[in-house]
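Dropping the structures in below, format is structure tokens.
What follows is subunit A paired twice: with subunit B in the first complex and subunit C in the second.
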Partner chain A sequence: MAFLKNLSVSVGLVIIVLLFFTAIFANWMAPHDPIRIDLQSKLMPPGGRFLCGTDALGRDILSRIVFGSRVSTLIALSCVFIGALFGVTLGIISGFFGGRIDEFIMRTMDMILAFPSLILAMAIAASLGPGISSAIYAVGFVQIPMYARIARGSTLSVRELNFVLASRSFGASSWRLIFVDILPNILSPIIVNATLGLGSAILTAAGLSFLGLGAQPPMPEWGQMIAEGRANIVSGEWWVPTFPGLAIMATVLSFNLVGDGLRDILDPRLRGRK
Partner chain B sequence: MREKLLTIKDLQTHFFTESGVVKAVDQIDLELDQGDTLGLVGESGCGKSVTALSIMRLIDPPGKIVAGRILFSNQDLLLLGDSAMEKIRGNQISMIFQEPMTSLNPVFSIGTQIAETVRTHRCLSPKESLDVAIQMLDLVKIPSPRQRAQDYPHELSGGMRQRVMIAIALSCQPSILIADEPTTALGVTIQAQIMDLIEQLKEKTGTSVILITHDLGVIAETAQFVAVMYAGKVMEYANIKTLFGEPLHPYTSGLMRCIPRIDAETDRRNRLHIIPGIVPNLLELGRGCKFHDRCERRIAVCEQEEPEILQVYEGHWVRCWRAQE
Partner chain C sequence: MFRKGILLLIGKRLLLLVPTLVGISILIFIIARVIPGDPARLVLGESATPQSLEAIRREMGLDKPIWMQYLIYTEGILRGDLGKSVRTNRPVLRDLLDYFPATLELTLAAILLNVIIAVPFGIQSALRRNSFYDHLSRFFALSGVSMPIFWFGLILIYLFFFVLKWAPAPTGRLGILTSPPNHITGLFVLDSLLTGNGEALIDSLKHLVLPAFCLSTWSMAILLRMTRSGMLDVLSQDYIRTARAKGLPRRAIIYQHALRNALIPLITVLGLNFGILLNGAVLTESIFSWPGMGLYVVESITWLDYTPIQGLAIFATIIYALINLVVDVLYVVIDPRIKL
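Entry: the complex of A and B
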């Protein structure tokens, strides 16, 4: 397929598959217990038993990265789910009904967008209390306006298409028009942006954890591992924050590559087909 | 005495644009008898489609039905609420459109789309509604209906898509089918097939038809009564024999003269007949008859005052000063 022929997309896809596989089978893939403290082995460089070295409490970094993939995957999927669910709903309602409803919803979205997303996420997570679920709600919330805008724009154009008028002429109610005629036909840009949004969600959540607002110790989360190992770079134990950083980079990159590939596939072909 | 199925009185549909008010439909009276085909003929922009959309109450802002009554089944359609109107659309009055290529939802199979409309108006299970869908595909003469029901719209040709639209339109056995230029976008042979199909289905299901077209030939073969529209008004209304036998309005006779004749003398001096001029800009209408500037029989009063539509002979109505002499 043309999709797989593209090298960068294939690489991205491989990494994503690896990520999900690791997240699901973490128990079998991690060489050591990720939270077992072993002060005898603290701050050991990569090699031997500990392929990525150990951190200040003697925990195996590789195992923590492996389990961290579970956390990151959970965060990414949940945030995109929340963002897309509310965002797309609001966007479709806004685009379909227009008028004051549209104004109200879009101005609210503008208000959310006015804040830098990390700052807003911090504020929400801080007020909800530290923890993974707060991070998920916060990051999910700041993603809502993006989906709302995309959904609204697509709804505005699909709404004018002939088959929507035909459906109305056959007696479709507004809700039927929304769910049967409009929603399935606006999915492409939403899927593309959801794929890209996965990477963005991981980054923002890692940022929150770095600041202490997301995952709490001892739960292994990549951003939090970077925070803990921040000082270690200076004192020469470069591996403590570097490997989690590489994990974040590889994951976000792979989502972006796949998202780009999806966009290339879905858009031109749609134009050709219709 | 046959039942009057649909009566339109004094319909006015205006579009309130930034450049002014466009009276797309300006006081129209029409009637449809049970079992008949009513033809609505006119050039592009004369208001025929807007009339159809007004009947279906599908006029969106900036358009608005500002006056009139549309009497159907002992009620005035213009007074109904939205959900009451939704129960009528597709169920008692159906409409098919000009562009079958884009009238179907691309992401669902055709069987699903027919079944969807059936389930909207009837309490049937998914399986039962799909059976109805397959029956309808058979009715519109799509071969192997059970297999074709799973096809997607892009796998079908324009003619077949129009058949699917007809299947959806008739699936709940409406009393009226409005066909808005159903064959304009199709080739001539397909046009003939589709018009034949509509005729046969009309007899089979007892549906009455309002056929909107700019093609007098199609009207001549299928309609019982015809209304000729121009600039938002009905210019002439008569039964088919009378209209073609003795057209009274200069526009009607002009249109008929414009039809190329295959038996005309092939002579370099013989040119196709035209009606000079173009349709008026509906934003800049004058006081008099809307057709006067293109009319070869105009007199002084035509520019000053607009004629009313009057019944000149039994059942034959004309809006023309000269015809009313």
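Entry: the complex of A and C
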């Protein structure tokens, strides 16, 4: 059983490493130019020169997927960065100071959580004007409450531990307590959820792009590519949306596997400490 | 069953709903008015003339101070004014209510699929913990939450419509040649049953299967996981050990004791899943051309009309909040240990 768990986490890690590698070295890894239009080669099935076929404008799908990994990695990291930065900050403040501040911050988080996440992200992205940065802000914003809740919960537990009380009795300032004592000790659940959040960010951003609110053509974003290939499905050119979707699925699955694995590794230790 | 305590609870929860609604209206106001550089331009589009922009600004009250704008806006919402769609030229609320039954039918079908598939699989998974069966179903659950639902819908259409020719074309709730049943609830399947319209019943069911299955994917994966972990928790409890020691048949233990107690948190999960279902509905309706609120909003976006999405955000959130309220009350009703 433990071996299987290790196997799935390993597979996930391999895929993630592959993803980052592809994102960084896309220029060298892509066989063709992802944006060059070549109507003579349009809608060719997978095989030969074009391993994943071409789309309606003759662009090589594999190359677009390779460059799309760069876009998706950028999106995922940015969204989680925004969400975690604001969320963890708010959560720690909330948990540390308590009282009215805690009430206010948590009520606001509840407000945001009251919305179905995609719909809220759609509204935000629409207000900001469709585009990839709007999608990033929107998805990042929607993730804030999750980090805030986790950070707050962990802060509440850590706050009462002996070493924190000891620091306090030595007259440590609030800032010092937060950064030196509390923050390093609440990192585990945050890291787990950040990993899972990376996958979630990719899915939501792909959804936004699919709906036209995120990445705009000709940017090779996977969700966008599925939208472009939508009409092709009913006329039999299945490869146009299928491969980008597989890319999304493999990526998100790997983040979920690693996140789950991390949770299993880190949780029992936390439980043991209490 | 309707003890005084329950009515008090419902009343209290409804009151608690008010600050939530205030909060979400503020959030949407910020998104609709404060964030966009020029809300008037957002409504009219890039090619609007300066004069029409000025006229819209006055009409939207953008020349007034922000707090006054918010009060006008809130008063509008209380009146049911969620703005006007530039595309359909009708009030957004009217449009949403028109398209709501289609979304409701799709969502109910998805929930039904969730319950009849995820719960039994989750139970079996828990009973056969760590077996190959267990790992397989957990893998499916994990895959389910990892894939883009709109992509899965396309795959389903390709497999079942294009290749196997089992499913009808994804043209919406009915085939082009079938006329809808007489309107009673707006749910075609139900209405066909109630009016005895066999043709519409079969056709609407055929069109419902694929989108409902597609929509159910995310929430089903979650429900499967929750059922499994809920059952595992319950099965390790002492009273189960007692039941076994008493010599109760396995079936009785599972269904009378374990499942009943595992069901309680499941109801909460079903409520939370509703938000996921609403998310998924927007994407699924787009793929299958299902004429619900989601498709309405998506088409508005394609026409650069962004007012409906704000209206949907408010509308969907209110429904979501009400559903969770019902779930909370059900929770208390079902579990006698929870004191009112």
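Definition applied: the second predicted complex is superposed on the first by the 264 of 274 C-alpha atoms of A that agree within 3 Å, B and C clash if a C-alpha of one lies under 4 Å from a C-alpha of the other, contacts with A are read in each partner's own complex, and residues count from 1 in each chain.
Keep this in mind: a contact is a pair of C-beta atoms (placed from the backbone, for glycine too) under 8 Å apart; a residue touches a chain by one contact, two chains touch by 3 or more.
What you are looking at is a predicted structure, and each value in this text was computed from that prediction instead of being measured.
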Inquiry  = In the superposed model built on subunit A, check whether subunit B and subunit C fit or clash.
reply    = fit
Key: Contacts of A:22 with subunit B and subunit C, given as first, second, both or neither   = neither
Task = For A:119, select first, second, both or neither according to whether it touches subunit B, subunit C, the two together, or no partner.
result = second
Ask   = Which partner does A:173 contact after superposing on A: first (subunit B), second (subunit C), both, neither?
value = first
Query = Which touches a greater number of subunit A residues, subunit B or subunit C?
reply = C
Message = Looking at A:128, would you say it contacts subunit B, subunit C, both, or neither? Reply first, second, both or neither.
response = second
Task = Using the superposed model, determine the angle subunit B, subunit A, subunit C defined by their C-alpha centres, to the nearest 10 degrees.
result = 100
Which of subunit B and subunit C A:241 touches, first, second, both or neither = second
Ask   = Tell me, in angstrom, the smallest C-alpha to C-alpha distance between subunit B and subunit C in the overlaid model?
value = 20
Message = With touch defined as at the start, can you tell me which subunit A residues reach subunit C in the complex?
response = 1, 4, 107-108, 110-112, 114-120, 122-124, 126-129, 199, 203, 206-207, 210-213, 223, 226, 229-230, 233-234, 236, 238, 241-242, 244-245, 248-249, 252-253, 256-257, 260
Query = subunit A touches which residues of subunit C in the complex?
reply = 19-20, 23-24, 26-28, 31-32, 35-36, 42, 130, 135, 142-143, 145-152, 154-155, 157-158, 161-162, 169-170, 275-276, 278-279, 282-283, 286-287, 297-298, 301-302, 306, 309-310, 312-313, 316-317, 320-321
Residues on subunit A engaged by subunit B in the complex (per definition of touch) = 161-163, 165-173, 176, 180-181, 184-185, 273-274
Inquiry  = For the complex, give me every residue of subunit B touching subunit A.
reply    = 56, 58, 83, 86-91, 94-95, 97, 99, 102-108, 116-117, 120-121, 154, 165, 168-169
